[in-house]
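All chains are identified by letter, namely A, B, C, D and E, in their written order; residue positions are counted from 1 within each chain.
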Amino acid sequence: MAVVAPAAEEGCPVLSVENVDVRFGGIQALKSVSLNVHMGEICGLIGPNGAGKTTLFNCITRLSTVATGTIRLNGQPIETLPPRQVIRSGIARTFQNLGIYVGMTVLENVMLGAHHISGGCFIDALVRPRHSWQREQEIERRCRDILADLGLEDVADVAAGSLPYATQKRMEIARALASRPTLLLLDEPAGGLTHGEVTEFGALVSRVREAYGVTVVLIEHHMGLVMSLCDRVEVFHLGRNLASGRPEEVRTNPAVINAYLGRSR
Amino acid sequence: MNGTRLFQSAPAALVTAVALCLPFLAPDFMLFEFSIAVCYGIAILGLNLLLGFSGQICLAQGALFGIGAYATAILNVNFGMDPIATLPFAAIITSLIGVLIGLPALRLQGLQLAIVTFGVASAFPQLLLKMDWITGGVTGLATDQPLAPKWFPGSQELWLYGLSLICAAISVFMLRRLLRGDTGRLMRALRDNPLIAESLGVNLTKARLAAFAASSALAGLGGGLFCILNGFISPQSFLPMKSIDILIGGIVGGITSMAGAFIGAVFIVFVPGWTTDINPALGGLIYGLCLIAMMMVARQGIAGLPIGRSLQALGGIFNKKDLSRVPGPLPGQLGGE
Amino acid sequence: MNILTVRDLCAGYGATDVLHKVSFTVEQGSIVALLGANGAGKTTILRALSGLLPSRGLVEFGGTDLRQCSPARRVELGLAQIPQGRGTFGDFTVEENLAIGAYTINSKRQIKEDMERWYTAFPRLAERRRQQSGNLSGGEQQMLALARALMSRPKLLMCDEPSLGLAPAITEQIFEIFKSLNHDHGMTLLVVEQNADLTLQFAHTAYVLEAGDITVSGPASDLLRNEAVQQSYLGV
Amino acid sequence: MRLPTLIKAPLALQALVFAMLTAAPARAEEPSAGITDDTVKIGISGPLTGPVAALGAIADGVRTRTDPINVAGGVRMADGKTRKIELLVEDDGLDPQRTLTNVRKLVEREEVLAVVATAGTPNNQAIGRYINQRGIPNLFMYSGVHELAGPEWEIGFVPSFTTEAATFAKYLLDNKRQAKVALLYLNTETGQTFQAALESAISDSGVTIVAAQPVTSADPTVETQLSTLKASGADTLVVITGPRQGAEAVRFATESGWKPTTLISNIAASIASLKPAGLENAKGVITSQFLKQVNASMPGDDVGVKRYLADHAAAQSKFSTEDALGQSGYAIGDALVKVLESMKAPTREAMMEAARNLDHAQLDLLLPGITLTTKTGEDVYPIESLQLFQFDGAAYQPMGDVISFEGKTPRH
Amino acid sequence: MVLFFQLLIDGLASGAIYASLALALVLIFRATRIVNFGQGEMATLSAYCAWQLCEWGLPVALSFLIVGAASFLLGVFVFRAVIKPVSKAPVETIVVITLGLFVFFQSLCLWLWRADQRAFPAMFPSGGWDILGVRVTASALCILLVLLCLAATMGAIFRFTRLGLAMRASAYSSEKSLLVGIRVERMLMLGWGFAATIGFIAAVLVGPRLFLSPTMMLPILLYALASATLGGWDSPLGALVGGLIVGVAESLGATFLPFIGADLRVVIPIAVTLVILLVRPVGLFGSSTVVKV
């Protein structure tokens, strides 16, 4: 069983998860899991359903509570931050089954991503409308830029719920980018996309990494995407680290084939 | 996206037009009834903010309304303040108490919150009786009548009606400020899916309590106005059914429509009277049927009726944002492993 | 013999139609794949066939005209669907889910037998029979959804994206089960999938749906070689 | 922004109305609004719906009295004209705010001469300022607490709760000098007024209040309160509540084996309302009354009761003949007729004048010896006498004579 | 000390009254996910009908049977007439409709039978026992026993029978239920029918204690809502236990907490509910529906 050595590679990792345990009731969802992600990397997280991948994301974004272990972002421990502070510290995520607001327009959804920058103070909105309005305009401009960058400018004022699934996924990334993240967590971004769309999506993620200088961690079952996109792959099984390495190494690892990929791969 | 425009949709324009024409059309006592409706309308605006826009239910709106009324009465009776000058204080005091009532909302949602707040509404009249050293207990409180100033050429009723309209305009104006921009978005995000909102950095505690505070302030303002209009208040006026009436008004009018708030208020003030006019013995029966029929025809409230919608489409030239509610995924439906 | 005949099917949500006169047939004992991009109307077809959506056009199932049948009656006739996103009852236990799956079966003994059979086939479910199904992992839920659908002893099983969100090994396992159901029990399957690669490998016939219309159809092996299909769905 | 449009409006109209209003009292012979040569309009606002809809029988009771009069041609008033009485009834659900709205509607749209039988103390207080400013008679309020909000234009009807408390106290002082009293009272002005009055009436005597428990109309049951009262060791139970709690108290006494002397306020003591508790359980209950006992199957030879029963049948009234509230309404209607008969001019002032100078007016349903007496400036309380009754399992039997407190009702 | 135990018993007795309405509320919630504010008023109408039949000379048992069946039809009718047409409407709409039912049925009773209170035929003996100075009445005991049986039966039906499973499934998701062959509409209809019958049984139980009047259920509505919330909305047993807790807390609190007293006793059910919900947000017996991201 390959265990990742603590960041021996170049410099301090952007995200470092060390020996994290998580329990739900009587079930131990994560057992001493570790993960290091370096600057500018695209790291793939794969493993059978129920291996604890999304749970790890939830721990990082503080939607689940860590029993033991530490999670650091740029060296700062974040496992005790309140959930709403996580995005402020530079971590943005997307959700497995889409976490978008279907009743709002695309632009509004994306601007929500910048909420922690604009503040959304009720008193401000009431007594200093000009001030909050200026800030609003500024954020809108920036969000429209991001939308244009992702090719969504035409649908900016369309209700998000009426868009095709693939566009919604793209919008969710735009929203994540609006929060000026350093680390982007993508939970099954290719799920439910057709093959052509998956390829497009992969290109988008690469481009976003370059253009916005973000580090990406993604959970994915689509092996084609994982193999072509990721710099490094981390395999989970039954709440533990199973293997780690470059995509081609992992792909041929017998333990991974046995637990996850199946015979045909 | 010019949010400073006061009236964005056709129902709003219609309601405003009717409100401004009333003095020419309605006799004094009707004007008085309409002023009462405006009070309720302001309280319903508060409920709209809470239920329609931030997705939290409060069935204590009638109690908060009463707190506003008592704040005005006590400030007037015990401290000799001019009744009109007490209104801002009524709003602020009610807002603070509203935050207290909103505290359970941090843990409870939906049905449970509704029942707990309804409990508050039920206890309110008894609490007023218990605190008789300041509320006057069963005898109630009589306030000074704010007479129309000398320069005002119209009748007393017209003066009070004008006063109510000004309060309503201020409320709508403030509410619009809250609902546009970031605060508006975050409240809708809170309503449609609080978990995602939190992961987007929304401070749920602050946002929920702020919504309660703003909503209660409106209820308090409406209540203060109610006290001024009537000149006398007693616990009997703030029974739990008042909260239910306000809820009915909000939903009948359309829970995400500001114009609907006032339409709903007119409904709860006038319709019970009309139904007893049809037949005193069958009044309640007809009112009950009326409520049921109303909701079967206008499921989104009167402001959401097709006719309202087509008007809205007409007004779409002015209308940039659609604030209507599309049901988002429930927290439990997000799925995941 | 065709177990299912669909002719000129139109259906949609509200005023606009998503499907524009779709026609296709499913042969008794075959596996039929329905491919297409998001929003092409695949799920709409399944929903219309199950009677969840009002539709126009002819739908004939095992010789019965389905247009007059309520959704419940269709299940009784042997039409089962596993909806997208699993469709288990989250606050039911695993066992209750299976029991409710057999709602149309009247023989207690048969229910009991079937339950044991699927517990044997899916040992993970047997282990968790008293757990709330909402607490199961994605793969377990998909298995439960499958077992639940099978409890009604369907003649035609329709699956909406069975591989969505599942690990490759589990996807494979589920397709193996499909294959054996088809092969050993003669069950007819209609599968909607994104994973065209895998689907075409095991299906007999396939239809490609584009914007509410069937554009390509034929034996699965032909489609595997079709250039247009390869470009948009197979990623060659 | 909106003000200019508002101001321009009905200047002329407002001025006109104002002029008419101020001018009216000046020319006293000119008839007031609501009265013509052949009709007089009277308004009633009361709860016809909601939890206290039982009070709606009062309005129906008034109608029971006026309908037959209209059929017979009308009331012959002191100015020589005969007029029919047109009653207008509005529902307020006992919400003071709605009472005010209703009264305004009645006065301004329907133009009634006066309002009668307005139920509820807060409700009468809510309309006090308005009727005073407008000069609208508010006659024969149905409220046992006489805190007048518009003293110039108001007059009560039923005995004050202070009078009832004094009657009960008199009974105890005469018959049970060392009584230990447990008090179950409605936590509104009703009960609080009674409690205060009872306390002052028994001060410096052997009678003591050992426990008092409030009930609210929203309480599902009052057994908790009764258990507490029982535990206090009292030997006398005084109940000042609505009919439901009164009946519960009676039943509790039987069920729990506690047998105190029970005194029940007349608002809860009607035979009909005690029936659910079992009439045999109610044996021995004492109450005070100002209305005659009506028994439809055995009307006896009382002329007043017979007329009441005849009118009740003729008017097709919806309340039962034994309903004390309907009877009160009938008596109020009767009193209204008396006032109309003695009105010397068709004005509101004349009406108030007549109502304030009733001299031992006898009503059909008042007990013999109880009359309406008022005097301008001195006595504004029409009924200030009560008679004690005890229930024998089938009917109330009088205990002693009418106890009069004429002129002793405390003023506020 | 005798007083304490007496109040405890009194609390259980009044708790049983709250529990009976709570049981009907929980049943309809379990079967249709709707809180029917008109439930109590529908039950009142049924009780009046039963009373009227008795007045007309029918034997008590027979009239109860007839009205029990009629109540079922009433529930079905209400569902078909006003709930089914709006089944896809937002929840607020349905809330207002049930409030409309509340107003309608209350006014109907008021119109037909007027506001006077009437004696409802008692099913249980009126006596009681004195145990060390604490009075236990037979009727309270019988009500409790009947409720316990009712709650247990309902719980068992929901858990172990096909019908119960199908009703729960229909309430959970109509679409998924259709896919397994459940006739969802029929299930919802049954749910309304059963709830109306249970409501009638509740009214029969509490009628003799509260007396028959158009507003007899009004004062206990809040207490019943609190009981159901406290017990967790999807458990019949929870409703029973919740009702008893509310009853006892109220009885003891109103007497022994001087700052509350009998006049503020309405605060107690809410305070107790709040405290329990803060500790256990789904209520005592509620099953937690999994919430995950």
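Simple rule for what comes next: a residue touches a chain if its C-beta (ideal position, glycine included) is under 8 Å from a C-beta of that chain, and two chains touch if they have at least 3 such contacts.
A quick note: this is a predicted structure, and the numbers were derived from the prediction, not measured.
Trainee: Among the chains, which has its CA centre at the largest distance from chain E's?
Mentor: The chain farthest from chain E, judged by C-alpha centres, is A.
Trainee: Taking each chain's centre as the mean of its CA atoms, which one is most distant from chain B?
Mentor: Looking at centroid distances, C is the chain farthest away.
Trainee: Hey, how far is the Cα centre of chain B from the one of chain D, in Å?
Mentor: 36
Trainee: Can you compute the centre-to-centre distance for chain B and chain E, using the mean CA position of each chain? Integer Å is fine.
Mentor: Inter-chain centre distance comes to 31 Å.
Trainee: Give, as an integer number of Å, the spacing between the C-alpha centres of chain E and chain A.
Mentor: Computed value for the inter-centroid distance: 48 Å.
Trainee: With chain centres taken as the means of their Cα atoms, state the distance from chain C to chain D in Å.
Mentor: 74
Trainee: Hey, what residues on chain B touch two or more of the other chains?
Mentor: Residues 122, 126, 129, 195-196, 199, 240, 281, 283-284, 325, 327, 332, 334-337 of chain B each touch two or more of the other chains.
Trainee: Among the residues of chain A, which ones contact at least 2 other chains?
Mentor: In chain A, 49-50, 63, 95-97, 99 touch at least two other chains.
Trainee: For chain E, give me the residues that contact two or more of the other chains.
Mentor: Counting only residues that touch two or more other chains, chain E contributes 107, 110, 222, 263, 266, 289-290, 293.
Trainee: With touch defined as at the start, can you tell me which chain E residues reach chain B in the complex?
Mentor: By the definition above, chain E touches chain B via 35, 82, 85-86, 89-90, 92-97, 99-108, 110-111, 222, 225-226, 229, 233, 263-264, 266-267, 269-270, 273-274, 277-278, 281, 283, 289-293.
Trainee: Could you list, by residue number, the parts of chain E that touch chain C in their complex?
Mentor: Spelled out, the residues of chain E in touch with chain C are 162, 165-166, 168-169, 172-173, 175-183, 287, 289-290.
Trainee: Given the complex with chain B, which residues does chain D contribute to the contact?
Mentor: 2-3, 5-7, 9-11, 14, 17-18, 48-50, 89-91, 93-98, 100-102, 104-105, 107-109, 120-123, 125-126, 128-129, 147, 149, 187-189, 192, 216, 218, 318
Trainee: Touching residues of chain A toward chain B in the complex: what are they?
Mentor: 49-50, 52-55, 61, 63, 83-88, 93, 95-97, 99, 101-105, 108, 111-113, 115-116, 118-122, 125-126, 129, 132-133, 135-136, 139-140, 159, 161, 175, 179, 187
Trainee: Can you name the residues of chain B that touch chain A in the complex?
Mentor: 1, 3, 174, 177-178, 181-183, 185-186, 188-189, 192-193, 195-204, 207, 210, 213-214, 321-322, 324-329, 333-337
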